[in-house]
Each structure stands twice: as structure tokens, then as C-alpha cells.
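Two complexes follow with chain A in common, the first pairing it with chain B and the second with chain C.
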Partner chain A sequence: MPPQESTEKVAEEQSSFSRSTSKVRDFFSIPAPVKQLFDLVPVVTYPPNQLPLRAPKSARIPSLYVFSKDQDAAAGRPSFNPSCLKWQTFLNIAGVDHRLISSNNHSSPTGSLPFLLPAIYGPNSSQDSLVPITSNKFVKYAIEHGGKVEESSSMRYEAYQSLLDHRIRNAWLYTLYLEPLNFSAVAYPLYVLPTSSNPLVRASISHQLRSAAEAELLKNTSIIDTDDLYSEADKAFEALSILLGEDSWFFGSDKPALFDASVFAYTQLLLDDDLGWKEKKLCRALRRRANLVQHRERLLVRYFGGS
Partner chain B sequence: MADPVDSGDELFESLRKIDLKKEEEKAKELARKEAEHNAKAQQRLAELIGTNSTLLVTISSIRLIGGAHTRRSFLDRLFNPLLSANRDRPYTLAEALNEVGSVATKLQRFDIFHPEVHTFIDRPSPTDPSSTVTDIDIFLQARERGRISLKTGTDLGNVEGSAYGNLTWRNIFGGAESLTLNASAGTRTRSAYQATFDAPVLSDPDTRATIDVLASSTLKPWASHEEVLKGAGAKFSWATKSGTRHQLGYTGVWRQITGLQSNASPTVRHDAGDTVKSSITHTWLADRRNHPFLPSRGYLVKTISELAGWGPLQGDVAFWKSEVETSGAVAIPIPGIKGDSGVSFTAGLRAGVLYPLAVGLGSETKHSRINDRFQLGGPTDVRGFKISGLGPRDGPDAVGGDIYAAGSANLLIPFPRVGKDMPLRLQLFANAGRLLALKDKKTSSESVYSTVAQLGDGIPSVAAGVGVVYAHPVARFELNFSLPLVMRRGEEGRKGLQFGVGINFL
Partner chain C sequence: MLELHVWGPAFGLPSLDAHCLAAIAYLQQAVPRGKWQLIASCDPALSPTNELPALRNGDIWIGGFRNIFHYLAQCSAGEWVLDAGLPEQEGADCIAFSSFVESHGQPLIDLSLYVSTQNYTTTTRPLYSTLLPFPLPYLTPPSIRATAKQRTSHLGLSSLDIDSDDSSPSASQSIIPDSLRRPRNTVSSLLASNPEASAQIRLDALATSFFEPLQKLRAKKRFFVSESQFSSLDCLVLGYLSLMLVPELPQPWLAQCMKKKFPSLCSWTEELRKTVYGAEVTVHDAFLTKLGDSELDLRMKRLRGRGHLPWKAPDNGGALGIGGVFLSGVADGIPVVGQLRRNTRMRQHGGLTTEDGVESSSFQYLTVIASVVAGLGAVAGYMFHEGLISFGDGEEVKEKGNGDGLGSLGEAGAALGFYANQMDEQVRRQRVMEEMNARNVVPVTEVDVDVEVERTPVL
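Up next is the complex of A and B:
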């Protein structure tokens, strides 16, 4: 029975091979008596230590980290940062229950707010629940967690979104950070004062903010032309106004969607008198479009209790 | 043999050949004679001083030879108190030499001269009408060190390797002032730059004033973040007559918690961002141990107190922080071994408390932040636990605590055959620690008291083990096999081998 013999031989070889590999493994693994010793300790294990007082209280709902004042965050009022406000509004529209946490860019995994921290159920939750969800995954998250999400598939959607992301955003950056009157009246108290009480730190952060805004604007042009920025924004508002027309929501939808939230992110902040705008060119351009003003009112009443 | 020609040749040969042995012997003889001569001279001098030790002298002048870059006013402060013109009574010769010796030691300690400072004594010429019979002149001969030195190297610290560059400018204004620029980068310190200006006050090497500026960025993997610091400080340090040291300093530093890891805990995320700490710190140190890394007798007491943010200090954080560190060592005599057995027992105790305050004169108490809270655990404090393995934990992060206490007991035994003179010991240790966050109570003092009381709840977290200790001149190395015996859930023990390098062990 030669074939059997050879298989036996092969088996033998295999077993000797596995024996030698297990020897190698044994060399690196913990010897049995030591393993037994390790299993004995710790002899006593007490309940975990209490967390420090500043640690946020764990919640059963996810936490949305945004730029906000502490008391506004607790009351769920609109964030003062457009991209935070866009996603805050989106989550409200989608009906994803969340709490707001006032924070800053340093806490974010991407270096900018907002992000969502999933709900934590007790101290035994898995490590995954600590990994934050960045804003580009919010739509997916909302769908997965039973949110009502209207997907706008219109071809025109992209074009109008780019109006917001470029023309209006550029004018926004200019009017907030580079108009000196607005910077000291609006941006400074919102973005700089909460960081530190130290005047040197505040001066340094002010400088960083302004130069970051300038660098962002200079990405596409070689010089910053104020009139051009404002007139482009004016045209963009005009286009949005025409798009909305007599409808309640954009793209003739019967319910608001992400695009409505994107528009609201700017219209809410430009029309909010509490922010104390000093140079109001951009605000006036928006106020001339009555249907956009009404659109903002509609969302504010419906999702933020009209405050 | 008797052939004269032959013997003449031999003589010639012997002259031509350089007999190495003979040469060596000659050299030895010469050295011996010189040493003998020196010893005799020394002896004569000693005898001379001995017989004349009560001889009354007056020091009429002290001269430093080789101090071209050293300021006159700086030396005056050092030498003037010695001059007899400034004293009401004359010296005996022994006293005078003693005083001069201590000044020479002081000169060496300024770090501006090479270690050898020679002293010469001379009598002024009797023809000089201004001199008296008892007058002597002192000459100190020293060699100044290079004023600028550049050093680069690598450091191996606690789980951290780093490379550094160091530029020192010595004796800037001729008064032993120094400016040090230091830059380093490593595995955990991503970058660190520091400039330090240091100057002795009133020509006293033990009294120093220091100003420093720093910028650094350090990874804190135990709490998933990176801390960026920019700050400046001023310190004043002095020594008391009994040999204890004080340091009083002010620091203003802008701290940024940034670069969070993706799974950072909510506690760390909540503390991310900017804070300014403006604080005064006092440190007191009494070190009476016989060896800094491997003491067999003596004790050390150190206290650190820091007040931040309160009253005029301002800033973004406010607290009072106190820490005490003590350690003691006793040699254990072993019956049957004469003299020092090399076996010693050391014990250490550390404790700290952070008492929250309100910034400025406000009334709203600020809760502590992660960069102000204490961390505990690791191979250099509570062995048998990972770095920052003790205390409150949020997910993967050691978030620190406001109150801690830790103690250790070590028995150090010399290796058989190697002997007690090698700085190598076998160690048996047991150490324990507790790190707690303040409880939520109505007032700060209530929460501090109740948390201190909580230190006694149950057995503290304990680990024990055996290991090898090696005291290298620059640091102490330990390799231990440890077992954590008592823990809190979430605390990270280290079962098995643990390696520690440091200069300050519990």
C-alpha cells in the first residue's frame, strides 16, 4: 500500500512542521505556570473610578458638537456657524434626536466642526461608539437611524449648491472676517472671546482667523475685489429667489430637505439682528428677496421654535 | 669573555640598544622621586601652616589671574568680604586659607572656569610703605571656559527617545550669566524649543534668577491628544544655610489641547481647545540621601505648591495645587557581614491635591481640566501599572484625577558575587496608589474633604514584584516583573515585565 504510506509520511511531515511552528509560538507565548499566575491577578477588583466633574454627562441621544454659546446649546438654538447650522438644521428636519455641545475646532477629528458623537450607553459601550461621525456622513447616519431624508436628485441641485458653497460663502467670509466693523462686532465676540481671557491669545487667534479667511478667498483669485464679491453674492441670492419662487421649499418639494438647510444656514445668520451686524451690505442684498426671508421664517418657526 | 675588544663591543652594543626595561625603570624612578619631592613639599607646607596656623594675617589683596572676561564688580562681591580691610579682626592663617578655599570652590561652581582653580599666597614686599607685617596677598589662578559651546546628542527617557541640540553662551556680561538655547524632537515630544537666561544673584552660585521662554508640542497617548505649549516664566532659587533649596517662580503659558485621536473620549473632547495658565509656584527640596538614584541612607522631602488664576493672576484656569514627595532609605545590617552589607530598604510616599478656585476675584469655581489634573501609574511611580494606568478612565483615556496618594516599599539586595560596590541590586517591591476625581458637592471644600476621605475606601490599587535595578551615573534603570494585585475596573495594570528609566523613582 504505497499510496497510504506516502500520505502517512506527508502527515508525519506536516505534524513535525506544526510541532516546530508551535515550538516557535511557545517561545513567544507565556509559559503555562506564568499564565496561571497571571490569571490569578488582580485578586480584588473594585468598581471603576468616578469621572472628573468637567466630563460631559453621558446621554442616550447622540451629541452634535457645534460652535455655540453654552446656554444656546442647552436650549437647542441655532449655531452661529453656517456649516454647523446647516447640519444642525438637517438633523432637525430629518428628525434625528440629538443634543448640542458647544465646542471648538480642536475637538474635531477633521479640524472643523460639526461632528456627531454617537450615543453612549453606559461605561461598557464598545470603542466604536467613541469614533465621531463627520458631517459628510450625516446623511447616511440619518438614514440608518430612521431619519426622514428627502434626497434631491435634481441636476440643477449641484449647480445651486455651488452658488452657496462659493459665491455666498466667499461673501460671507469677507463680510464676517475681513470687514473690520463686523469682525469686531460679530466674529470677535463669537469666535475669539470664548477661547481665552488672555489678550495676547485673543490677538493671536484673531489674526489666525482673519488670515485663514483671506487665504481662503485668495485661493481662486489673485486679489480680493470687495464689490465683485458682494455683487456675485447678490446675483446668487437673486438666482435662489427665482428658484424658490412661490414654493414653500426648494425644488418644489412638499417637505424641506438638505438644500433648504444649506440656504437657511446663511439666511438665518444674515437676518438675525441679535448678532449685531455693522456693515450690512450682504444683509440688505438678502432682505430684498422677500421669499428667501419668508423661507427662513418658516424653517425657524418649524424647527427652532421661532426663537 | 676576558677579551677586552669583545667587552668593548658589548659596551658599545649596550649603549646602542635602548633597553626598554631600564628606560621604564628610570622613568618610574624619576616619577617616584618627583612624587616624593612633591609630598615632601606638601608636608613642609602643611607643617609650615600647622606651626603657623595661629599666625595672625591680614589679607591685603586677592587677585584672579585668567579671568579676562569676568567682571570686576562681580568678583568684588565675591572677594571683598574676605579682605581684612572689611573685617574688624585679623585672621589666623588657617582661617584665611579656609576662606580662600571656599571662595575658590564658589568660583568653580559658576561653571565659567575649568575645574582646576589654583591658589597662591605671597607676602607683599616689605619695602612697600603701605603694607604691614601681617599682610598677605592671595592669587587665584583659573582658566575661563569657552564662552560658546554647542552640544548635540540623544536622550533616552521614560518610554521616550529624543535628539537635542543645545547652544550655551556662558559668562555673557562677565558675571556668570548664561543663555541656553535648546531644541529637541523625539518620539513623544514632537518638538520643543526653549531659551533660558540664567544669572547668579549677588555673586552667589546658590542664588539664581532665571528667565525662560518655551514652545513645545507633546503627544499624550494615554489621553489621545497632543498638547501644544507656548509660554514664558521667571524663577528665583536660593539655598538655606541648612542646605535645603527653594524656588519661587511665575509661569504664564498658553496651552492647546489639539490633534485628538479618532477614538478620543468625550471627556478629552470637552477639554480640547485653548487655555491660559498664569501661576506662581514654590518648590522646596531637602535632599539628605547619600546617593540620588540608589540611596542606602538618608531622606528626601520635596513640596510643590502652585497657585493659578486666583486674584491678579487671571488666566483661564484657577486652582491651588499642592504636592508632597518623601522618600527615605535605611541600610540593613546582616549578621555575619562586617560593615555595610549593601542591603537597604527604601520607602516613598507621594500625595497631591488640586483645590479648584474661581478665576480672578470671581465666585464661579472652575472645574479642573485634563492638563491640570494629576496622572498616576507607570514604571517610575506606581510600578506594575501602565503609564497613567491608575485613576479615572473614560473609554481609552486616562483623564486624570484631582487627589492622589501613592506609596512604595522596596528592599534592595546586592547580587551575590557581583558585590555591593557595583551599582546593581535585586529589588523586591510593593507599591500602591489611588487617584481620584473630586466629588460633586455644594462647595469646593466639601468635595475636597469627601474625596480625601474616599482615599481610604477599600484597599488602594496595589502591585508587587521583583526586579533588577541599575544605577547609571545619569539615570536609574529598572527591569521588573510585576503583578497588579488590587485594581479598580478600567485601571490598566501591567502583568509581567516592565522597564523603567528615570531620575526620580517612587
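Up next is the complex of A and C:
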């Protein structure tokens, strides 16, 4: 008998427990009149706010975001960053009308400049047409928007492109960021000063820049060998100079193309005296190749209206 | 006498590194026989650029393939130069394609030999174990692999490395227990078991973009830039292509792509490989270990093989030297200390000071001795402990087996095996520790990555 008794007791306890919990639940549930009132909310839905006045306005022509000074951007002068300058020159060559906007990496959806914000055609353009275009899709964009794009299909294209992307770029990284003289004279005023007025922030940013350059260089070698970097860049300029020969543009074409823009991106910056290079080893190596210097002059006059 | 120090032989090739292969080919072609020797080394710190191949001429050390061939031109007053007399355009092609081969070929080799887990664990790592003396195989291959991963990270093919894949299936999100769920064999889940297959298209595209310009450049010529002249570009291409074609790997996507689409490159590689490197090279050739051959046999072998490479037995400084390499490897692996060491290494290179080396060498000597003694003590104590237990058993077996050597050998083998297991255990523990370290560091690295993503375009 005792077991039965206990089970009854347990059942009783359980029912009392469930009763008390339902009481608690009743206590917390919303009373009917209040619920009815709350169901009416929101009473009024306001239209979305206007964008702030300083927000970028949609333009009739596409905007290219690059590293540049404000007054230079307004005048359409060359950017001081090689990859920005490459694509800026490319768009100029392809004849895609655009305006420059001085910016920095934080504004880019991919974390890197340049990118292009397409133009708005009419008020009813869809949201898709406003997606920013990153630099690897510029060629496609230029073709779709009536640009004149001609690509050389030479077997040498890839090889000489790798000279620019590795040998010359590595020497550029070293000479701009890791040569102390050049860093304080060239890179610091261009990349660090505009970002902040706080000395601590400036110090931290310049440290970040330098260590990023160092890490990039150490990816392929276990030691940064200065002599090797410079001598390889010198040989690379030599090879490019031989490739160009007596022609006006690379690969013997009668019009400049993307490859000319990529070469110009480095030659322009290395030959630009306004930047104030202090350690000029790389600049000297380039100046020895007269046809590369003339190639830069031609592009500068043709697409940037002289210096 | 010039000494060329390289990573040791593998896959029947005289080295397992593309630049070492290129340097061997260059010396083989440019420098007369008898003026140079080849040494299978294991310590990249020998060279001033901290990489192999390294060339030693008396007290002068030259590191890196490019520096070596520049130095050879210098020290022989322009005699040992392969690129001499190339026409202008061909010289320019030589420079441009060298850069192309290095920048596009290295990621392919990294992916194929190091990043791909299956290839690395079944082929590459065991190879290093045959080449390096005892403690080094635990440090050197993982560090080489880490740099390979770093180099190829921008390609987005890290899925080949299934070790670090922590995208465990999101089972916790579903409330249906495992036992009640139907196994779904989707295409992607089938492919996930074989990452090489799912990345096949991208890998093929990557490989094709490397081989195609080379094939076009060579066209019908005998060598890459010239009809008659073996240039430095040919050395480099031979190094890279033979390392892509020759190894037999469990995931042979690279060799397959090359064989299927570029047969003429394959035949060129096979042919030149035989003339330049000679027939199959084994570890025994490199370390000059005798396989029961008498002196006479060896001499005969050398006489017969005119194309043989002039191997010389390595002198790695005995236990002390290896200990030093091991310790520096360990120090490089520790997060903060390693970074500091790398920084000083870079700064030093500007003006390499000899006093520094002298000063630090006595200190290094002490630390090496201290740690070796400590390590030996620990191992000896452990052996003694184990030996006390198994000693009696061994005696019994010996008596029962009427002094049969096999029984005791078995015991000894078992003890050795146990010792080896213990070593493995230690290494595993160490690896876990490293992983934990790595995990602790994770936030820091994330910050780094962020910065890099932001800054890369600036550069």
C-alpha cells in the first residue's frame, strides 16, 4: 500500500505545481485590453530620412575613388598610388568619362582602392547598378560602357607583366616604405599626414604601413636583400626598355593599352620630381632608359594634359 | 674549390627544391668538372640570405640562385656565364620569363608538395625525414609548409589543406539527432572528402596559365630562348618543371595537367633532366653511404657515370651543429621571440658584422651544450626506468630461446618502438602546445590580416 500512497501524493504535488505555474504564466501574460492597444502600434509610419547633406550625391558620370589630394583629384591629376594610377590611366585611355574622388582604403567595400561607383541613369535605375565596381572588373566595365579596349595577346604579355607585378613592385615597396629617407619625405606626407592629426595615431599608422611592406617582401624571400631588390628592378627596367624598343607603345600597337598604363603607373611616380624622392637609386635606374622616360612623357601629355 | 650547398635529393632528382635544382643545373653547365662540389645540406642559416642553395668559395658565402650566378660571372671574370652573347631581345626575354617562372611556378609547387595535406603527409614530410638528421624533421618541414601556405593564401585554395580546416559541419544547429537523419550524399559532400577534386578546375586553370606562355616561348626551339644556347632561364625552368613532373604523388593534378596538355614540355624536361642531372639520384649518392660496395666499386661507379654530379659527403658539424639548427628552429617557432629573431636577421643583413657572430657563438655554444645535456639526462633517466622493468623479461626469453638472437632482438625492437612512440607522443604534445599558442595569438593575427587587407593596395 505505501507505494500507491506515495504515487498519489506525487500526482497531487504535480497538479498543484502545474496550477501554480499556470498562475505565474497568467500573471506575466498581457492583459487583453493592453494587447489590443499595442496591436494598433505603430500608429503612423514616417518616410525614411533624407541622407545627410555631406553624403556623396549620385552623379551623372561614374566616380573613381583613388588615393589623391583633394585639389589634385578635382584637377584630374595622376594619383600617387601605383595601382590607382594604373586604373586611372586605363580609364583615360579607354575613354571612359569619370570624375576622381580623393579617398582612402576605409571607404572601399573590398578594403582596397581604387573602386568605381557607377553613374546613375535616370531616377528609376535599379539598386544593382549602384554596386561599386572593384578594379579587377574595370576592363569588363569599360567594354560594356563603350570604352575602346584592345588587349595584346602576345606570349610575352604575362612574363613582362610579372616583371612589373613582382620585381618592380618589390623594389617600389622597399624604396618607398623601408628606405627611411624616402618614407619620411614621400610616403609620410602622402599616406600618414592626411589620416589624422594625432601623433600617436600617425606613429601607429606609419608602423603598420612599414610592417605590411616588410611582410609582403618577406613572403618570397627569408631576408630582405636590398642589393638584390635594386639590381633586379634595374634588370626589369632594362628588359622593359628592350621590349619597347623604338615603338611608341608596348607590343608594337598603335594605341596605348592596359600594359602601357601599368608601366606608366610606376614610371610616372618615379620620375615625378614633385614627390621629392631622397634616395633615388630606383629613379636613376629608370632615367637611364631613355625610351621609358619618353613613353611616360607621351602618356602624361596625351591623357593628363602635361605635367 | 666551389661548394654548392643544397637541400638533399628526392624523387630521383638531386634536390627537392626548385632553386637548388636550378643552381645545380647552372653549375653543371657553366663550371668545369672538378672545380665544384655538391653538398646535401640541412641548414639554410649557413647562407647570408638564409636560404638554400648557397655557394661557398673559401670564406665567402653566397645565397640564392640569382646571386650565385652573378657571383660566378664575377669570380671567373666572365668565363662561367651561360647568358653571355644572347641577342638583346632574347636577353630581355630571359629576365622577364625568369621572373614569370619564379612568381607563377612557386605557388604551384607550394600547393602541390606542401599545402595539399595528402601529398605533404604521404610524400614530402617522409622525404625530409630521410634527408635531415634526427630532431630536424620535426621542425624544418612544418616551417617550410607554413611559408608555402602564406605564399599561396591569396589564391584562396587553402581548402587543399584539410588539417587546418575547422569548418566542422553545423550539426548543432539542427535539432534532429544524428541517428534519425538521412545521410545526404550531395555532390559537394562527396567532393569535400577529396579537396583536390573540388578545386580541380581552379588548379588546372592555374597550372595552364603557367605552362602556356612557356610552351609558346619555346615553340620549336631546342631551348627556351635560343636554339643553341643553354641559358639561365633554362636552368630555372628545368628546376621547376622537373619538380612538377617527376614526383609521384597521391594527388598528381599538376603532373597530370602537364602530361595531358603540354606533352612537348614534358619530353623536353625528361630529356634535359637525364643529360643535366644524370640518372636517378638517390640519398645514398648524396651522402656517399656505401651499400656494401667496396671502394673499388664506388670508384668504378664514378668513372662510369661521367654525367654524375660531384657529390661530397656533408659535414653538418656533428651533434652540436644539428643541436644549434634545432634550437634556432625552435626559437623561430615561438611567437614573439621568432619575430624578434627575424627582425634582427633582416637588419643585420645590411652590414653583416663578424664581431657579432663571434660574440654570440660562445653563448650559443653554452646554450646548446646545456640543453643537450638536459635532454640526454631526461632520455637516459627514462630509458633506465623502462630498462629496469623489461630487463628481467629479456633474460628469460633469452634463456628459453636457447640464446636465439631473434627473441632478444624482438624485445629490443619493442623497446625501441616504445621509445619511438614516446618521442611521437612528445612531438604531438609539442604540436598541441603550438596549436594552443597559435590559438592564443589568433586575435593578434586577425588584426594583422585586417591591416594587410586595408593596406595592400597602398603598396
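Going forward, the second predicted complex is superposed on the first by the 249 of 307 C-alpha atoms of A that agree within 3 Å, B and C clash if a C-alpha of one lies under 4 Å from a C-alpha of the other, contacts with A are read in each partner's own complex, and residues count from 1 in each chain.
Criterion: contacts are C-beta pairs under 8 Å (C-beta built on N, C-alpha and C of every residue); 3 or more make two chains touch, one makes a residue touch a chain.
What you are looking at is a predicted structure, and each value in this text was computed from that prediction instead of being measured.
In the superposition on chain A, A:215 makes contact with chain C only, not with chain B. After overlaying the two complexes on the shared chain, residue contacts for A:131 are found with chain B alone; chain C is out of touch. In the superposed model, A:158 makes contact with chain C only, not with chain B. Looking at the shared chain after the overlay, A:195 reaches chain B, while chain C stays out of its contact range. Contact with chain B, but none with chain C, is seen for A:45 once the two complexes are overlaid on the shared chain. In the superposed model, A:37 lies in contact with chain B only, and not with chain C. When both complexes are aligned on chain A by C-alpha atoms, chain A residues 106, 108 touch chain B in the first and chain C in the second. The residues of chain C lying in touch with chain A in their complex are 44, 48-51, 64, 66-67, 70, 88-89, 91-93, 95-97, 99-100, 102-104, 106, 147, 150-151, 209, 213, 216-217, 342, 345-346, 349-350, 448, 451-459. Per the touch definition, chain A reaches chain C in the complex via residues 67, 81, 83-84, 105-106, 108, 111-114, 155-160, 162-163, 165-167, 169, 172-173, 177, 191, 208-209, 212-216, 218-226, 228, 231-232, 235-236, 238-240, 242-243.
Contact residues of chain A toward chain B in the complex are 30, 34, 37-38, 41-56, 58, 63, 65, 101, 103-104, 106-109, 117, 120, 123, 127, 130-132, 195-198, 200-201, 205.
Chain B makes touch with chain A in their complex at residues 254, 256-258, 260, 262-267, 269-276, 278, 314-316, 359, 367-370, 373, 391-396, 399-402, 435-440, 458-459, 483-491, 493, 495-496.
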